[in-house]
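By written order: A, B, C and D. Residues from 1 in each chain.
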Amino acid sequence: MSRDIILVDPLPRTLDLIMEPAVRARLEALGEVIVCEDRQMPADMVDRYLPETVLIFGQTDMPKERLDRAPKLKAIINVESNFLPNIDYQACVERGIWVITPASAFAAPVAEAALAMALDLARGITKADREFRAGTEAYGLEGNTETFRFTGAPVGLIGFGDLGQAFRDLIRPFKNKVRVFDPWLPNEIIERQDCEPATLDEVLRQSQVVCVFASVTSENEGFIGAREFALMKKGAAFLLMSRAAVVDFPAMLEAAASGHIKVATDVFPEEPVAADDPVRQTPGLLLSAHRTGGTRDAFYALGSMAVADAELIMKGLPPRLCRRADPATAMRMRSKPVAVS
Amino acid sequence: MSRDIILVDPLPRTLDLIMEPAVRARLEALGEVIVCEDRQMPADMVDRYLPETVLIFGQTDMPKERLDRAPKLKAIINVESNFLPNIDYQACVERGIWVITPASAFAAPVAEAALAMALDLARGITKADREFRAGTEAYGLEGNTETFRFTGAPVGLIGFGDLGQAFRDLIRPFKNKVRVFDPWLPNEIIERQDCEPATLDEVLRQSQVVCVFASVTSENEGFIGAREFALMKKGAAFLLMSRAAVVDFPAMLEAAASGHIKVATDVFPEEPVAADDPVRQTPGLLLSAHRTGGTRDAFYALGSMAVADAELIMKGLPPRLCRRADPATAMRMRSKPVAVS
Amino acid sequence: MSRDIILVDPLPRTLDLIMEPAVRARLEALGEVIVCEDRQMPADMVDRYLPETVLIFGQTDMPKERLDRAPKLKAIINVESNFLPNIDYQACVERGIWVITPASAFAAPVAEAALAMALDLARGITKADREFRAGTEAYGLEGNTETFRFTGAPVGLIGFGDLGQAFRDLIRPFKNKVRVFDPWLPNEIIERQDCEPATLDEVLRQSQVVCVFASVTSENEGFIGAREFALMKKGAAFLLMSRAAVVDFPAMLEAAASGHIKVATDVFPEEPVAADDPVRQTPGLLLSAHRTGGTRDAFYALGSMAVADAELIMKGLPPRLCRRADPATAMRMRSKPVAVS
Amino acid sequence: MSRDIILVDPLPRTLDLIMEPAVRARLEALGEVIVCEDRQMPADMVDRYLPETVLIFGQTDMPKERLDRAPKLKAIINVESNFLPNIDYQACVERGIWVITPASAFAAPVAEAALAMALDLARGITKADREFRAGTEAYGLEGNTETFRFTGAPVGLIGFGDLGQAFRDLIRPFKNKVRVFDPWLPNEIIERQDCEPATLDEVLRQSQVVCVFASVTSENEGFIGAREFALMKKGAAFLLMSRAAVVDFPAMLEAAASGHIKVATDVFPEEPVAADDPVRQTPGLLLSAHRTGGTRDAFYALGSMAVADAELIMKGLPPRLCRRADPATAMRMRSKPVAVS
């Protein structure tokens, strides 16, 4: 009699990292779970199980040849969160095999940290603590000569995907005017969230706080540079939360060091950062070691979203929580590999 | 012909500190403004104008003898924000003279900073920056071993006046369960804000983040001490935002230094803090030099609230923005002077 | 040994109407409860208990002579909800006796009904039902020739007390621009609720939905008349929720009957309305028999707010839920009796 | 030189119905617009333009033969809002041709009307008006013997797509506990909106207000019948907003007529309803002639959403506002035609 096999090939994740026991139990209720998490699942292991495999959790290579040997396959669920060019997306589309990833699991913790860092720059929290420890603190109004209230300050968002929208929801009580630059979206989506669609230059010129939530694409690499930082208001705050490559990093450090703007960043061109990298001593800069998304709850959300969608797919329903690899995106990916974050 | 005199005796404030030009113009439209802001208004100056005075902005002594000489007086508006025992409150009540203060002007900036500091402790913002500068930063999940998500964490508020309620409004998007301890309030007010009335011990035991927003009274001095800190969960956050005297300060520092809880404080038993005070090097502590309320916009709000209520009073209407000195409170104040903050 | 007496003289209310058993038990914990609810409490009964009375719940006459015989009296709590000129307010103020009323208990149910009626006029709910029953219904777009979406429609509020503010909170998801006319309030209070202060004419001219939430005073009787209705946009909706006397009632009916505006009213110049009153057949009018506030939960709220404040007062704290009779208002009341609603 | 043709074949819609001039101008900027709106576009007309067609707005039959003759086709945008079995969905998927529809344009007006009708049943708005016109009105508490407050009442939603979620957003200020039955969704989506996933029976048993927002599928036809109505609380409200076929209509009328529950319906098994249909005189029933979605703004939203997504598609981006015809759904549709609403 036929079995339903679920292949789990989660590296660089592990099953324990992404699934609490109750979620793992739900996974096991969907089929017989075959795990390989100390290394990428070996070819012979994949080959042995493919004829009975219904779901793949992980980043297993799935060219046409393998897909052809998996007649029961319903979905490939990437648990790393970036699609790779190692799948024949067109063949999946034609077969009706879902290729999805729970990438939005990281949106909530990053948005929360972005607000923490925006409030920090606005109200001078980390700076005041550092000065107090150094014995140079200033009290009352004197301690606020370079601060501003986040409440009511004009905010600009660059990128309005899951992350930008999660941030927008968090700041509602602060009653900011929010401008959004996102050329991938129709204005309707921006306006429904009570934001104003704007050009990049408008966002930079008119905001007291600018947050970069955009992914890198072939078109936007380094699109925020010296010219763009110069457009910002003196004393404004700039937060880089998504990918280092969307900015000209040295220009950003220069804008912070000169005192023109205040900067916070969670990402760096090379990670880990070299011990002697001058970024460590740049004034006007709030530093975070690519740690705003990687919270324990985010990894668990990755797993629970993946399993919840797998449950729907096994019932013949479309997935609702994960992002789909769109055919168009798949095409581009086949011809132009992207780096894994 | 009779004039309407407005005495302005604002020390330790100045008129420029608390009123933008447009607000000052509204003040001047209410009467002839007599200002003394380099020192307390001298007795002869007060005496000269009292017969025609309709409003006093400031902390002028107003015993019965002076009130008797001010037949046109409608209101005394304290612009420092703490009522003093230098007014005959009972005589004011009998005469229908309003004694009010725009104390809530500071609630919004303190609440905003309290959220900044709560997020800082939860997500380790200042600590991560300090470690990055020291070259000991940890990336991803490793950088989150001691952090927690503020979103969804149980929050406890001690004191639910203007400040506590302003904070509650700011954290709505985070969907916390919020417990409130405030023995001065009926449960209805707490429940209307979607919070749960609780005892002090319940708040301490069950919260991941505890914020102290309570004023000091004769009854609550030092009411949070070693026993209370011991009730808190390991790794929870404690924020002291209102008055140092409500806690046993050394016990609080010990709770932070031992690693039992994380602490942030904006207030200190003696300010400015001595250069060699060990508080400056206490681990687990986020320091702020009594600066969260004293923002420029807060001082301007102090002035604009005072003038808006003066406008109502001059039209025969009750004030709506300032806090009133209640007769009962006035009684207590006459017998027991309070320190000015 | 001395007793603490609580006089309950609640007509036209009864104790069962306003207090659920648990609330009544809290009342009884405050003192010995003496009730007279089939008629106004007779003078001899009042006189007998005054020397030991600490609280009065009801509308008992309390001239100076009676107050003088009640040395322990701490509060008089009107449970009808309108202050009467039967109390020596000045003597109460001088003695520090609270005179309060839980009038805002009715704000929530009236605001809810006001939204029901605003949506009804906007979307034509009652009219569509009436046509359907008459066999003249129109389907789809044809059924919407005279409707408008409440969402996003400009709203105007006349009066912004407890009721206006409760309504404002209910309509937040509809994202209306809200203009407020309330000459008793500073702009700050209007602006804090994300509304725009406006003149009466601006409110009438620019709103698609106008709600009257204002109380009657000697100054505003009939202040909305033919001229004001003519200012409104054709097809706009007008809701009269507070007191009939603030409008010129025949002019309002004429504005509805002519088709110029749509009208809903919960109040009438004389209630009950005469059987042959033409208001019953006026087209363009949604009728409600002064029933939006009088819900069972509102009466219970009246009682629980009264008891909660009595508990605070017995602990020496100021009341927090009831409205106070301000000295200034008291003065006016002594000289100029007002009608009871 | 090659042209980009846009075929517009919108029956039963017309272009003027769904596009304001500014939106039509945006459409025309995308290509050469060929319209046929007095009848379905004739085959010869379709055939003539197919080789240069990039977009189809409408319900044109598109079997494989026609798709093969349209090499430039990027999207087929249904503007009626229900997918039909007249397209070869699999061929579209394989070619990367988007098949989409702006169905959610109707969600906002229906949700608004659903709240209007829920408040109407709760507070007795239409009933009170009818009684007032008949001279049988009751005032105050007597007028509220059969009403309940919507605020705080437990609400149950059957179906939680665009419509259910729009309704959920509108009722946030009412602080209801909201239970949701939707077997097509993972619990995460329900919980994110602060609702509780529940079974159908739990929703019916525990709610004071039940709203049906579910579409009809082959599986749920008539799934709410006499047994289900009997589960509801006496006096609870039931609103049928989506499709008549999901309920046993006679059983629903019987539940209303018997006084067990109050019912509102916008839909009927046969529309228009026969002149002598007894539904017109059923007591306890609020009637609406399938008119809650068909507002002018909803039709314009249909057009603007369609054009906004067409703009994205012409730039090579995925659509963001319209619903996609999922391959799985497409399969089912090919074998089992559905009726057009």
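Here is the rule we use: a contact is a pair of C-beta atoms (placed from the backbone, for glycine too) under 8 Å apart; a residue touches a chain by one contact, two chains touch by 3 or more.
Chain-to-protein mapping (UniProt): A, B, C, D = Hydroxyacid dehydrogenase.
This is a predicted model, so every value here is computed, not measured.
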Intersection of the contact lists for subunit C and subunit D: none
Required steps from subunit A to subunit C (each step between touching chains, minimum): 2
Contact-richer chain pair [B-C vs A-B]: A-B
Centre-of-Cα separation between subunit D and subunit B, whole angstrom: 51
Interchain centroid distance [CA atoms averaged], subunit B/subunit C, Å: 33
Separation of mean Cα positions, subunit B and subunit A [Å, integer]: 39
Subunit A-facing residues of subunit D, complex: 90, 93-94, 96, 184-189, 304-305, 308-309, 311-312, 316-318, 320-321, 326-329, 331
List of subunit C residues in touch with subunit D within their complex: 17, 108-109, 112-113, 115-117, 119-120, 122-123, 125-126, 128-133, 135, 137-144, 147, 149-151, 169-174, 271-273, 275, 280-281, 286-292, 294-297, 299
